[in-house]
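Notes follow the structure.
A, B and C label the chains in the order they appear, each numbered from 1.
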Amino acid sequence: MTTTDTEQTAPKAQAALSRKSFGGVRVYDHVILWLGVFFMMGPLVVAFMTSTFDHVLIHKQGMQVGFGGEFLSTYETVLTQQGGFTGAVTGWLMTQNSFILGIGFALGKIVVSMLAAYAIVYFRFRAATLCFWVIFLTLLLPLEVRILPSYEVVQQLGLLNSYTGLILPLIASATGTFFFRQFFKSVPNELLEASRIDGAGPFRFFVDILVPLSTTMIAAIFIIMFVVGWNQYLWPTLMTTDETYFTLVRGIKQIMQIMIGADIPKYNEALAMAILAMLPPAAVIIIFQRMFIKGLVEQEK
Amino acid sequence: MEKSQFKSPWMPYLLLMPQMVIIGIFFLWPAAEAIKSSFFLEDPFFGNATFVGLDNYRDALTASDYKRTAWFTALFTILVSLISLGLGLMLAVSADRVLRGQSTYKTLLMWVYAIAPPVAGLIGVMLFDQHIGPLVDFAALFGWDMRIGVNYWDTGIAMIIVSTWKQVPYCFIFFLSGLQSIPSSVKEAASIDCRSEFRRFWTITFPLLAPTTFFLLILNITYAMFETFGTIDLIVKDQPGNSPVTLVYKVYRDGFRGNDLGGSSAQSVILMLIVLALTIVQFRLIERRVHYN
Amino acid sequence: MTTLRIKNVRKVYPNGAEAVKGVSVDVEDGELVVFVGPSGCGKSTLLRMVAGLESITEGDIELAGRVVNDLEPADRNIAMVFQNYALYPHMTVRKNLAYGLKNRKTPQSEIDARVNEAADLLQIAEFLDRKPSQLSGGQRQRVAMGRAIVRHPAIFLFDEPLSNLDAKLRNQMRLEIKKLQRRLKTAAIYVTHDQVEAMTLADRIVVLNGGQIEQIGTPAEVYANPASTFVASFIGAPPMNLVPANVTDTGMEVGGVTLDHASSHRGPVTFGLRPERAHLVANGGAPVEIGVVEELGAVRLVHCRLGDSDLTVTQNADEPVPTGSMGLEFSAADAVLFHRDSGRRL
């Protein structure tokens, strides 16, 4: 069943099924959905609006709704002013680091997983089952649980406070590989056979045929992994003490610590940073909504 | 028919090398270290380690704050998993049924997924802040004096609310996709066979969503147990005080802050066993599903 | 000259299943040989072994004089047309056709020449810059053939290429394939389960059953002189009538009557008669009861009963419609006798 099929027949089916409609509009459902939107977006709207106010005012009157006129100055401050304990980092620098982490992680994950999945699906070799189960093992022990020894390993390798150390350990998980493995298994066998007859060896088959066929999947995974990478918290918190490597999400903790120490915490700046931290991933998944959802749902299989 | 595969003596190994090397260095090595050090007691000052067998495990499991944390984790996990599942399902059902505006609702409800757990935690902290938080004022209307960071359960409830809030979009997306993949012919046949929409939902739609529900349940449990770390870290604000935490947070706290490497590692291994059990359950049920298909 | 020699080839799978049990067949230059048989008879397995997509357990395959058992498909100078076309979905038709040549480092001018030649031959020149998803099933099938043609191979391998087309298109394409093969004068193996395709396309037919060859012969030979009851019932539609009978000194006893036959054998047999070789007469002959009559326009299928056995008779539609009890007549030369037990021709 194609998507267009469902979209065309579904409204008719819905109309037939919606006997509780009021002038063709299902009131109950819209109410539920609006409550949902209110619950989900409410806190964010308040947070954003509050960030446009002066922090002293916030302290006295609580969080605000409306626009406080401090939008430009607050955001400019967060982006450009030296923050943090050593004064070495600005919001803008943190944003850059977040991009590096997000894009680096997504690219690294895709390359490594695709190659590994290709090997497992399309080659017959003795260590295949062993490799598969080792990769599977990584599902058993999430990073949060092995955080301490991971830190020590990275420390011993001298990779603390580096982009490599930030990105590489995160790639040690099975998700990407299993995803591509599932996808490669769904590619018809005949394509491989036809290409073998056409003289394509493993390298050519991968480059000329498999990769072009995988472009939508690659895009979907890239989006998901970009968000995952951008939102990394625990790992960057632990292994970057040099503030020039802070990401926005890491910086949130920093801001919190500053806020705890202050008499009148700069709520507005903290919220502004939170908003900045959520904007790029949100923008990505809204713009690429279809691909993003497709990538998420494919993982179910 | 043989599945066509390449036979090359060296290529598969070359292709797998990046993945396996990374896993070897950044997973197997730390994992092995974690297991190993769970059996030792480390002296933080002189770096000597003495083998203590299962003592770390015994200490961890019998410590009162471990039990407390375990109970809270269990409750937290159950509540966050089930509530976000329920809310996601409710919203998905409604979104599936409306004729107009579906894509707008979808976008508005979905994008919160992109927010990092600690960011959600920060916003939660502010909303529940005693001085400035509107939610505290709201609770006060009902005579409830919320004190996050001071009152154990107030903090716990805030954590549960924020964590659930962040997970709802994820469940929503999956349920909506699951609902939309039910063939319309099935829905039409059901409308002929059954008058009540309510009954139709529970006897036809929901059973057809069973695989999705199950999949989400496992994912939610994993989320609640591990990925909420950032949220909890922010709400707790590094002030141990009287705040509830989850087991995974305790691993971090005991290890990094408390310098109890052995105990923290033992806790890690215990958590690993729990994940293993969950994975086994998941696989068993997938097998059964495949058989019944 | 012989293009392809299959010598005593066996295929045994790791789980012990024997798909091909010692098959030998030659394909001469320019000849179109059809492998036909029911599902699971081993015809596709045999084809894939020639292509190099399946390994050979025992035996040899010689292509253009050299043994190719251990050669990669790409090195065997073969070209294959798949049942599901197997076109590269992300490439244009032109690129699909050129891909095999590019991998062999053929000069671009040569590639262009061959692609255009094939496109003209198959009338797909106007689709050269489209992608497979924009083409109909029949057009895709032609592109798949084009991909095989540009390679100028020693032999074409067709794996049930028409199975995915609707009946009308299938008839059309069948004709085109035959014309094409004649024109190109390249040897070809064509695998199908459809005996009509086999009969119309083949220079010679190889009938396979259970991994073994039942008979090799021209369509006429296989039709008129089937080597076994299997071949007799598989080739021809409606299939040959097969009826148990007993041969004694007085004649062949079937359905309570004694009929003529031309055999020296004595004892229980299976008596075979093609539907169109039987005639229904008002008087005389073996007594049959007329059952259901099917009108096909030009011919009529009359299902009748001779004693305990069911028979089908094909007659011209302009003969009077038979009913009730009539007589069955045939000439002794048209009676084909088979061993009752083995099914082999006597």
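Definition applied: a residue touches a chain if its C-beta (ideal position, glycine included) is under 8 Å from a C-beta of that chain, and two chains touch if they have at least 3 such contacts.
Note that the structure is a prediction, hence the values are computed from the model and not measured.
Peer 1: Using each chain's Cα centroid, which is most distant from the centroid of subunit A?
Peer 2: Taking each chain's C-alpha mean as its centre, the farthest from subunit A is C.
Peer 1: Of the chains shown, whose Cα mean is nearest the mean of all protein Cα atoms?
Peer 2: Chain nearest the overall C-alpha centroid, as shown: A.
Peer 1: For subunit A versus subunit C, what separation do you get between their C-alpha means, in angstrom?
Peer 2: Distance between chain centres: 57 Å.
Peer 1: Using mean CA coordinates as chain centres, what's the subunit A-subunit B distance in Å?
Peer 2: Result: the chain centres lie 16 Å from each other.
Peer 1: For subunit B and subunit C, what's the span in angstrom between their mean Cα positions?
Peer 2: Centres of subunit B and subunit C (C-alpha means) sit 60 Å apart.
Peer 1: Two or more other chains touching the same residue: where does that happen in subunit B?
Peer 2: Answer for subunit B, listing residues that touch two or more other chains: 1, 4.
Peer 1: At which residue positions does subunit A touch at least two other chains?
Peer 2: Each of 193, 196 in subunit A touches at least two other chains.
Peer 1: For subunit C, which residues are shared contacts with two or more other chains?
Peer 2: 53
Peer 1: Which residues of subunit A touch subunit C once you look at their complex with the stated criterion?
Peer 2: Residues 188, 190-191, 193-200, 204, 208-209, 212-213.
Peer 1: For subunit C, which residues count as touching subunit A in their complex?
Peer 2: 51-53, 72-74, 78-80, 82-84, 86-91, 99-100, 103-104, 147
Peer 1: In their shared complex, at which residues does subunit A touch subunit B?
Peer 2: Listed in rising order, the residues of subunit A that touch subunit B are 1, 6, 9-11, 13-20, 24-26, 28-30, 32-33, 36-37, 39-41, 43-44, 46-47, 50, 58-59, 61-63, 111-113, 115-116, 118-120, 122-125, 127-128, 131, 134-135, 137-142, 144-150, 152-154, 157, 168-169, 171-173, 177, 189, 192-193, 196, 201-203, 205, 227, 230-234, 237-238, 249, 252-253, 255-257, 260, 267, 270-271, 274, 277-278, 281-282, 284-286, 289, 293, 296-297, 300.
Peer 1: State the interface residues of subunit B toward subunit A in the complex, per the touch definition above.
Peer 2: Residue list for subunit B touching subunit A: 1, 3-8, 11-13, 15-16, 18-20, 22-23, 25-31, 33-34, 37, 87, 90-91, 93-95, 97-101, 105-119, 122-127, 131-134, 137, 165, 168-169, 172-174, 177, 180-181, 183-184, 187-188, 191, 197, 211-212, 215, 222, 226-227, 229-230, 233-234, 237-239, 248, 251-252, 255-256, 261, 264-265, 268, 271-272, 275-276, 279.
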